[in-house]
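For reference, the structures are reproduced in the following blocks.
Both complexes below contain chain A, partnered by chain B and then by chain C.
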Partner chain A sequence: MSTSITNSRPICTYPIPVSIQSKLSKAGFLTTGSVVNLRPSELSSSAEISLEDAADVLDLVRKPNGLFLETKTALEILREEQGNCPIVTMSQNIDNLLNGGVPLSKVTEISGIAGVGKTQLCLQLCVTVQMPEECGGLKGHAVFIDTEGSFNASRLQDMSQACIKHCRNSMNLAAENWNFASITENIFVFRCKEVTELLSCVMILKEFLKTHDQVKLIVIDSLAFHFRHDMENAALRSRVLHKIAAELVRIAVELKLAVVVTNQMTTKFDSKGQGHLTPALGTSWGHAPTFRIILDWDPSRNFRWATLIKSSSLPPGSAPYQVRP
Partner chain B sequence: MNLLSESISPLLTSDKLELLKAHKILTSLDFVQYNNDKIANLIGQNVSEIIKIKDQILAANNSKSLRADKLYEIILKRTTIIKSGIDMVDKMLDGGIPSGRLVEVFGEPGSGKTQLALQLTANTALKQQQTVCYLTTSDANAERILEIMHCLQEDADHLNGLERIHFCYVNDVYQLMEMLWAPGMREYKLVVIDSLATLFLPIRGDSFNDAISLLNKVASDLKRLAVVHQCVVLTVNHVSRGPAEGTASTPTPFLGRYWCSVPNLTLHSKHLSKDEFQLTVVKNIYSPDPGPKCSFRYFFRSRVDVKNEFKSIYPHI
Partner chain C sequence: MTNNLKLKAIGLSTVITDKLANHSIITVQDYLTLNFIELQRKTGLTYQKLSSISEDVNKFITPLGISFQGGITCGHITEFSGAPGLGKTQLCLQLAFSNALHGKVNGVLYIDSEGAFSASRLLDIAIHKYGIAIEQKIKSSLNRIHLWRPCSLKEIVDKLISIEVLVVKEHIGLLIIDSMGSIVRRDFGAEKNIERGAQMCSLSSSLKRIAHDFNLAVVVTNHVTAKVESSSTRIDCKSTSIPALGPSWSHWINSRLHLFMAQNKRRLMVSKSPEIPELIVDYCISKGGLDIQRETCSSSPY
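Showing the complex of A and B:
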């Protein structure tokens, strides 16, 4: 019974290039059942496609439903998730808002107006991800993809020194190995000057991560920059943006690391002509990250607010925080 | 629709099949449509033999008719009603969603679509003890499901409920189709696809891929899944653009005009204020009342309590 169902599966549901699909359908091969018992040479001559293409098609079609075996029960996922330690942000309020910190295996978006401190938060995360486990860190490395040229090594130095001091004081940790030099060694910075560089960087990230398997955090600062300046064609921009989003989600889930993306703000006008600030890149993009945070100044300008506007598991809320040297 | 071969009739020997192929008669559909006399001349058979072969093909491919009362009995036996566990929502849906329906929920980002999907999943797995398949494009939120289960019923067997939910990450449309055609799908009473729109975003507007025909195929596969396997298929969709200035109408869902006619039940989800969410029935082909809505809250508990409580109840996880 199951084979007859699989045999009546249309060939067009397989990821076969359109040119080959049209040749196959012209030759009358419309369902899996019609090709599954053929040899590559027979298929190649009947459908007038090359031998390699015929072999590829048959491989695809004959694959046992291996994908189905990749389901996991919720219980297994829960067990895995319990072992996942989030990356602390060194601000108690923000950590409480996010139930512990920036979560692993998920994409988090941080938006805010220019100058509110998105890059600061990203640099902070690059440092805290490297904290030893005794201090609540992950002892992991970080990848920083810089599109605006905002990576600031001297600020990084301040933050690392503060973090090291905090760990030494609170945990009495000797940690001779953990100093500024080792922190900077474990942050990999990619500078992307245009959209194509950004796209290629994200696409080859998986290869890079194979050789650097201690990476636990990927930061893109900022994703919006090139898309807002370089790309005129809106349809192409949307496709590229979502391709990047899909790849980031795939990396986050498969390799169990945290992906943080920063976004700029844009003005949206409602029916009364009133403008209000919303994260840029559009509503379609808004569905891609699992967690979305907006950073903003408090009207008194003494401290800032972090607001959780979208999350899959946490109630929305706001947390005040400060940036200290 | 099969290729013509000797198995259909002993009269169709291989040289005759070659002759037919040369005239582009390759599948049984082509054969049945072609003129009887022309085929008879082509392969040197009597017209009556050709008619016999055609009848054979038609009989083999015919769908069997079923008496309506027998069909009704079958449906009664196999139907399950999927409930959400939130009273207001279930009341609005007249008790729940019966199996065999394709449901869509759409809304802006952060409007509670995934929450509804998780709520239905948790309730179905826990209270109705049915298996659920959750195909996700972004994340699999097991902790949230456990939280919902706790809020639904404190002292039930949550771990067993969790085992009945199967998560699967799908990254593109072809993976989704692979899952839909997998023979194991018949076991599930609820299949959730969160979200369908994300799968089509990278290929929309790209003439190379013809996203529209892919969407058609997915739509027909989803319908087939719901009707043949008698389960509920819930798809999550995005919005294409917000409502036009000043109008109170609902925004348009993302996947296009054709898709709007596919689901049996369409719900629009909206986030009203801090805790309040609103669900509006935009389309329901089984009900005469237009657009009932209801506002409600999803269950959330304080984060710190939840973590500690889970650690104490399930120390071995």
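Showing the complex of A and C:
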């Protein structure tokens, strides 16, 4: 909203070429306020200047008043993307599936039936995000939003020790300062027992992240839990889900961090009456994450695999993985 | 062939046709393939004069301009709808690159509301679909694609003039909104209400005006939502996917291409278009983007 002071700022104070200035003043456009809300075609016909000149004038006048589009070219974004380092999962197959690991600036959804290892993977990511840069990590912190009460500190300890050992062995890292204590210090856990707590937690994340700018990973485990149990009203449920989805996408993109959300599975019946498992929360939620992975396992053969079902830049595929201490 | 129809035959005054002929604009094709900026630069006519000439030309024939196998018409809003993961964003990225590379007016404004834009994917498409090995060519095409991430529907509506200014300055020939579904539902949720309808209506009419005034193609992606067909027994309830945003939105777009899965195959269906008859094609997504394979002969989509 321009104030009255800027509205009355004369056109001649902008760096507009003299010939155009004279045409503008002949047509009666003397102040900012008189042109700032005109479309290029309107200004062009009223002042009898070309469309391009009109667009230039409007650009010059609108920019200082904040009325412009903050655009980036694809080339700039390519450079940013090539500089982004994904978060490794420590499973080479899954990392290959994701072209390096869980990507920054995107929302990734991990679904799977109960017990398949979603929380394990999330805990793993909370550790690997903290790896020093020499080991291929991001030296970043993590936020873990727990809705099911599945955050397990002792499992975290096992994983951290394994990870530290891996780093020390492969990189000969002395790393006195990278130990279990420091790992736990840099994971911020929020326990949300109801939908309203989850919603408010997501909404205040931005504030929290302002004071904790080293956070590179946000995990929500799981998003589906409260929605399936607490919310009966489908319309309200979808509205809240969209709000959360929008906020997560905005945080991921603006602050360039990875957002990982876990989801449960539900049965969908097709036209023949056969049911098959699909991620829960509906198709409208399905549009929100950029990457969607389903974890599956066959307990009889002890065979687990991860399938990429949606991505904006990678081909779909499956990758077997193992759960180790 | 309407392409070679001479402007004289349309009934424009000789003064105008002579002026245009001086700049080698003799046939309808010559006229329609240039946009207003170029016409102004060449002929020195004012914007108003050009719009009235364009009106006469357009009234005489319906403007064609199918530049993509399937129907992305300039001056119209084309919608891609489909379930998540089927390739709407891929199609948008492919179109964006293709226009930045080949288009007569080759700036692209990509409005991204889902955070799915991937410049590295554009690079893949450049290398694998268009076989471009020259780095400079890729860089200059990428430089013509402008990405904007608005926070809300209201921000788009408020900044329409800025969009127009950008269209003129950067010679934008293609405007992509990915995705309309998430932008509208972000503020209004998935249920319809009057205000949501009003804002969508106002946005679509402004987009149509910009599309028409600058002869640019507007592509919009949409979500799908489940429509449950009620039946007497609950077991027989069928749910089908239909494009989101309600039936009134369907009226405000000009063409609709619907992506769906049938029998484990990806299909694209032209479900609404003023120029092309209903057709269904198979496609697959490769390293180079969407590859349309063949037309299926079945009349029903499934």
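Details
Please note the rule applied: the second predicted complex is superposed on the first by the 253 of 325 C-alpha atoms of A that agree within 3 Å, B and C clash if a C-alpha of one lies under 4 Å from a C-alpha of the other, contacts with A are read in each partner's own complex, and residues count from 1 in each chain.
The rule is short, and it goes like this: a contact is a pair of C-beta atoms (placed from the backbone, for glycine too) under 8 Å apart; a residue touches a chain by one contact, two chains touch by 3 or more.
Please read all numbers here as calculations on a predicted model, not as lab measurements.
In the superposed model, A:E133 lies in contact with neither chain B nor chain C. Touch criterion not met for A:E207: it reaches neither chain B nor chain C.
Touch criterion met: A:K243 reaches chain B and chain C at once.
Contacts of A:V107 after superposition: both chain B and chain C are touched. By the touch criterion stated above, A:T71 is placed in contact with chain B and with chain C alike. In the superposition on chain A, A:E232 makes contact with neither chain B nor chain C.
Contact with both chain B and chain C is seen for A:V253 once the two complexes are overlaid on the shared chain.
When both complexes are overlaid on chain A, the residue A:T290 reaches chain B and chain C alike.
Chain A residues in contact with chain B (one complex) as well as with chain C (other complex) are 67-68, 70-75, 77-78, 81-82, 105-107, 235, 238-239, 242-243, 245-246, 249-250, 253, 271, 283-284, 286-288, 290, 292, 309-310, 312-313, 315. Here chain C touches chain A in the complex through residues 36-37, 40-41, 46-48, 83-85, 89-90, 93, 96, 100, 109-110, 113-124, 139, 142-149, 151, 159, 161-166, 168-169, 179, 181-182, 185-186, 189-191, 213, 223-226, 235, 238, 241, 244, 285, 287, 302, going by the rule given at the top. Of all the residues in chain A, the ones that touch chain C in their complex are 37-41, 44-45, 48, 50-52, 54-56, 58-59, 62, 67-75, 77-78, 80-82, 105-107, 235, 238-239, 242-243, 245-246, 249-250, 252-253, 271, 273, 282-284, 286-288, 290, 292, 309-313, 315. Contact residues of chain B toward chain A in the complex are 1-3, 26-27, 30, 108-110, 114-115, 118, 125, 133, 137-147, 159, 162-169, 171-172, 174-175, 177-179, 181-184, 195, 197-198, 201-206, 208-210, 213, 217, 221, 238-239, 241-242, 245-247, 254, 274-275, 300, 303-304, 307, 317.
Residues 2, 5-6, 9-10, 12-15, 18, 27-31, 33-34, 65, 67-68, 70-75, 77-79, 81-82, 96, 99, 105-107, 235, 238-239, 242-243, 245-246, 249-250, 253, 270-271, 283-284, 286-288, 290, 292, 309-310, 312-316 of chain A are the ones touching chain B in the complex.
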